[in-house]
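As written, the chains take the letters A, B, C and D, and residue 1 is the first residue of each chain.
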Amino acid sequence: MTKLLGLQPSRRSVLGGLAASAAMTGLATRFAQAQSSAPIKLGFQLHRTGIGAAYGRWYERTAMAALEVVNAGGGINGRPVEILFEDDGTDPARGAQAIDKLVSQDGCELVFGPLFSHVVVGSAPRAGELKVPYLVCSEGHHVASGILNRWTLQPGITDVKSQVLAMAPWVSDTLGKKVTMIYPDYAFGYDHRDNFVPAMAAAGGEVVAQIAIPPTETSFTRYFPQIPRDTDVIYHVMVGPAVLTFVKELGEFYGSGARPEIFGFIDSLEAVDMASPGLEFLEGTHFWEGDCRYLQADATEHTKAYRAAVGIDDNGASITDSKEVATVAHMFSVWETLFVIKAAMETVDYQGPADRQALVEAVEAMTIMAESAEHPQGDKVFNGKTHQVFGHQNISKVEGGRMNRVYRTEIALGDYPDEVDYTTMSF
Amino acid sequence: MSFGPYLLLAVLEGLVSAAVLALTAVGLGLVFGVMRVVNVAHGAFFMLGAVIAWMVADALPGPPALGFAAALVVAPLAVAALAAAVDFGVLKRLGYDPDATIVATIGVLYIVEQAALSLFGPDARPVQAPFNLRLQLPWFGYSGYKLAVVAAAVVVLLAVWLVLSRSRAGLVMRATQIDGETARAFGIDTDRVYAGVFALGAGLAALAAVLVVPIQQAHYLMGGDPLLLSFIVVIIGGLGSLRGTVIAALLIGVSEGVVSVFFSPTLAKILATLLVALVLVFRPQGLFGRRAA
Amino acid sequence: MAAVTLLDARGLVRHFDGLKAVDGVDFDLAPGEVHALIGPNGAGKTTFVGLLSGRVAAQAGTIRFAGEDITRLPAHRRVRRGIAYTFQITSVYARLSLAENVGLAVQSRGGDRRREVPEALARVGLEGEAGTLAGRLSYGHQRLLEVAMGLALHPRLLILDEPTQGLAEGEIAAFKELVAGLAPATTVLLIEHNMDVVMDLAQRITVLNFGKVLARGSPQEIRADRAVQAAYLGD
Amino acid sequence: MSDTGRILSLHLAVLAALLGLHFVAPPYHHANLARVMVLAVYAMGYNIAFGYTGLLSLGHALFFAAGLYGTGLTIQLAGWPAGPALITGLLAGAAVAGGLGLLALRTAGVSFMIVTLMFAQAGYLTILYFTGYTRGEEGFVLPAAARSIGGLDPTGEAARYLLALALFAVALAVNLGLVRSGLGRVMVAIRENEERSRMLGYDPFRVKLAALAISGLYAGAAGAAWGWLFGYVGAGFATIQYSILPLLYVLLGGAGTVLGPFLGALAMFYLIDIASGLTDAYLMVVGVALVVLVLFAPKGILGSLRERWLRWLP
């Protein structure tokens, strides 16, 4: 088989020949100029269709808003910036293909933006092979768990493991000791379970039941009797279009009578209007939010500016359509990731693909990210070894149909020992 | 929760899903029975019904019951009209060839889904139930509207049965189902029958969706599950057997509910799926279909 | 053993929802004979040969072929043992060529397609049409193609279910010649309505009525049988 | 030229063209072609069941997944070397298809569609149920080091392309041999007229079972190769979409033609690729394309060509 591999140089030489002939037609001169003044092209892997489309729309808007700010501030290294969006259909196989297209065909310097874990895991190997930085906005634990590669980073949003660890003490202290977890039979559901159970035990609580629901399910009531009667807290984290049904049915099941405390990850209701019929019962329950959907009384100027730029009102809905609720809890990561890219590119005086490795190293070298216009969700700490950022988490309570923050975790609360040191891996 | 009430809840849930299943499946079964067309777009018509219901309810001010009632009329008619157009523009030209219609309806499925995504967006949108009644049992609460859906399903299915068995339209349909050529020889315009059946099937899917949407929310990808389940119900029930469709829906709905009492959710789903598959394997003609002699 | 009887059926029963299609029939075939099976419409002839060929499962009774019990054998295994069946309603591969149609029969017994396909087609007079799609043939020619496929199986017993239906006069004559030439290598069981064909070809005739054997004998005996005349010849 | 000569020249020309493209295709298309070739093997397998034998299955994703996980899990959990893992995946595809066939082939037509679909759905849920091992829908990455076989590293662009081409070439040759063999002719016979075939002495159940197992072998090979070449294993490949995909490829390219699946996979791949570049509503384009195809070229691209001009096409 080494013979087959021996064909590689010849393939290069053929391509080289093509490049040479392209030079005669003037194509190559354009490439050469591209190095100096032409826009920097960034690729965005977008869930425009498929199950992630509700997120994708807001990820795109956030990216465009951040881009406007970047370009208004002179671009990066004096060059204007362009973002090319490529739909991945929220599908891992197409995700890898989208990376190919953005990098090989469109000439993007790097790729960022995906949310869904399976797209990230399915695409990361390709990014590694192409040796192109891949900055994900996914909150999955995949990056920090060490299964990916040196080129994949998550500098915009805390991973689920850290989120869960940071929440557990508050849940145990404030809501109750006996918790029933309801989560989808999905890898991130398991991430919640695997990390929350020990964290709860450490905080003096106990997970009394774990109910993993198949993601194809559209009706949930029949599983609710599996919730033990002595449960103090129901911990739910669901995704997909059926989550609204889930919450409504939970409400019908318990009604106005006595019910356990309810703590959910807002993933269950991201992009869903809290004023939707059937959700009244959520009054008084608690949610984790990466970033607060409703404008909080103590919101910083940066937060306000960010929200205005993206185009969301005080209720976290589109300023042009109050029924169109944004994915506020997650989409800040796109904004912040673009500014991490900008900072890293400026650090290494990024010129072109040759500087990709330096770009990754520059991100790895980052540590403290201060609360700022670039980081409106709050200050963060980046761990270069695990390629993962850690920030504050918010717990909000539903009061009068809006979510008010009642607790904000310290970053250190979400610490856990490194599971990988990517900096020791080769590029 | 003790076992008795648990089982009661499971059975209630099973009844509701059986009602939804039967409603969704009956239109598919009709199309399949009369036209021998596997309508892959059936789930898309269902979804379209839900989406239109949301649009109507959203556009109409006033009490939720009003918007709901309007949706109950508008959605099935609109979807039926679209289906008739599909029949006329595509299926008829294909001569209702089984393989070709599968491909064509997959195409229609994509077109409708994309249209919904483009015009309606990717969000799950709830429609308010026409009334808000919650039954508080000693052990758990239950949605009154869900029980109303069961009642509505019974009414709709009875109506379909009456139309099929007692009306001239039903007679014409059955004649076409049994032997299209002979029907044509007797002066039945089978083209019109086919268009009518296809529209009726789609309209029934939309009607089911309007009834379901206060329970399940409108979403542009919501059609997949009903499509699969409808097929299963129609096949298990035996082709062209309304009674079989209803009983199969009950069997599947209630067995899923009851199996879920004894196993963890995903395992229950796996077992219920295998159970139904095995029923089909060992009764390939369906529970109520007749094996060809 | 050199069987005196090639096929021997005892007490065959097949009912459909109370309809006694075949109801306790005993039947035998001598090697090399041409045997006709006649009877009014609905007498159970096609069901009966279905039982012999294995297309229909017997509810009671036994069938022995060449000395072995084949009652439980599925149809395709019986074909391999030498029982060939041509369908009452023409059943050929309409979208395949004649050569491919016959080739499938030749292949089934591991014969040489290149040599035997033209032979089999020539025997029914279709040698010029080897490349034609079977579906393009006239109905009569499709029947002949079926016979050719049956012959290509080199069966010991060839069951022909109304083979002359739809054939023109000249074709019928050629067909009779063909069948007459099969003996003694091939035993023929013929369901036939055309009495000329029956009387000219058959050495023995069995008459079925309401699922039971009404009479059996030589053409002369059957012609003279009063019960047959009453039930079948319609006077 | 004799038909055999034409057929051989045509298929060799396709393989030669693909080899040629290895040297001249721009990187993006070069990478795409590697994917298309693996998907084409999957579709070829589907075509053996559907196009040649008339078995319309909606459960082939299960066979693809059997190959994918057969290879992926033996590497990931059992730490097997890639060689045996690949063979395991390939055989898993055939074994699962054979096992499923023993049950599902008791049914026919639409019942067969639904039964295969339901078994595949149960398989998909089983992968999720064991998320602790499989990581469910998120899936897992097969590290490059674990994927090399005796120094042969499938992660390089050239190696991957050539390995995909080698797999494709073998699959194409076997497919061609199969359809021109006795079994291939009987498969077609069963498709065209099952009862007639039974009465020619063929056992339809065994022939269909064999066809399904071979089809599963192809799907398993494609799944195993996908995991090996692209390094990702996930439950998404076991969903109904991945059962419909090869059906579309085959119908587009031409059911019952040897090159149809490849042509269909290529055309569909680039239809989506180009359409999604032009409009957000690319699914609309795909939908319209399907409707137009079925209206004006119902036998697929190659099927229509064969009908009009190239009668000799296998």
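Here is the rule we go by: a contact is a pair of C-beta atoms (placed from the backbone, for glycine too) under 8 Å apart; a residue touches a chain by one contact, two chains touch by 3 or more.
Computed from a predicted model, the values in this text were never measured in an experiment.
*Asks:* Name, by label, each chain that touches both members of the pair chain C and chain D.
*Replies:* Chains in contact with chain C as well as chain D: not a single one.
*Asks:* Quick check: more C-beta contact pairs at A-D or at A-B?
*Replies:* Between the two chain pairs, A-D has more contacting C-beta pairs.
*Asks:* Kindly work out which chain lies most centrally, taking the average of its C-alpha atoms as its position.
*Replies:* So the chain nearest the centre of the shown protein is D.
*Asks:* Farthest chain from chain B, going by the mean of C-alpha atoms per chain?
*Replies:* Farthest by centroid: C.
*Asks:* Could you please state the distance in Å, as a whole number, between where the Cα atoms of chain B are centred and where those of chain D are centred?
*Replies:* Chain B and chain D have C-alpha centres separated by 32 Å.
*Asks:* Once you find the CA centre of chain A and the CA centre of chain C, what distance in Å lies between them?
*Replies:* It comes to 74 Å between the two C-alpha centres.
*Asks:* Roughly how far is chain A from chain B, going centre to centre by Cα mean, in whole Å?
*Replies:* Spacing between the chain centres: roughly 37 Å.
*Asks:* Quick check on chain A: which residues sit in contact with 2+ other chains?
*Replies:* Counting only residues that touch two or more other chains, chain A contributes 49, 185, 212, 214, 216.
*Asks:* Would you give the residues of chain B that are in contact with at least 2 other chains, written as numbers and ranges?
*Replies:* Residue numbers touching two or more other chains: 117, 266, 269.
*Asks:* Could you list the positions in chain C whose residues touch two or more of the other chains?
*Replies:* There are none in chain C.
*Asks:* Between the chains shown, work out who touches whom and classify the graph as line, ring, star, complete or other.
*Replies:* Contact map by chain: other.
*Asks:* Give every touching pair of chains, nothing left out.
*Replies:* Those chain pairs which touch are A-B, A-D, B-D, C-D.
*Asks:* Which residues of chain D touch chain B in the complex?
*Replies:* Residue positions touching the partner: 56, 103-104, 106-108, 110-111, 113-115, 117-119, 121-122, 125-126, 128-129, 240, 244, 248, 251, 255, 280-284, 286-291, 293-295, 298.
*Asks:* What does chain D use to touch chain C in their complex?
*Replies:* The touching residues are 182, 185-186, 188-189, 192-193, 195-204.
*Asks:* So in the complex, the part of chain A that touches chain B is made up of which residues?
*Replies:* 49, 51, 53-54, 56-57, 185, 211-214, 216-219, 221-225, 229, 241-245, 248-249, 252-255, 257, 271-272, 276-278, 323-325
*Asks:* Considering only the defined contacts, which chain C positions touch chain D in the complex?
*Replies:* Touching chain D: residues 53, 55, 74-77, 79-80, 84-85, 87, 91-96, 100, 103-105, 107-109, 149, 153 of chain C.
*Asks:* How about chain B: which of its residues touch chain A in the complex?
*Replies:* Residue list for chain B touching chain A: 1, 5-6, 9-10, 13-14, 16-17, 58, 64, 117, 121-124, 126-129, 134, 136, 140-143, 214-217, 219-222, 225, 256-257, 260-261, 264-266, 269.
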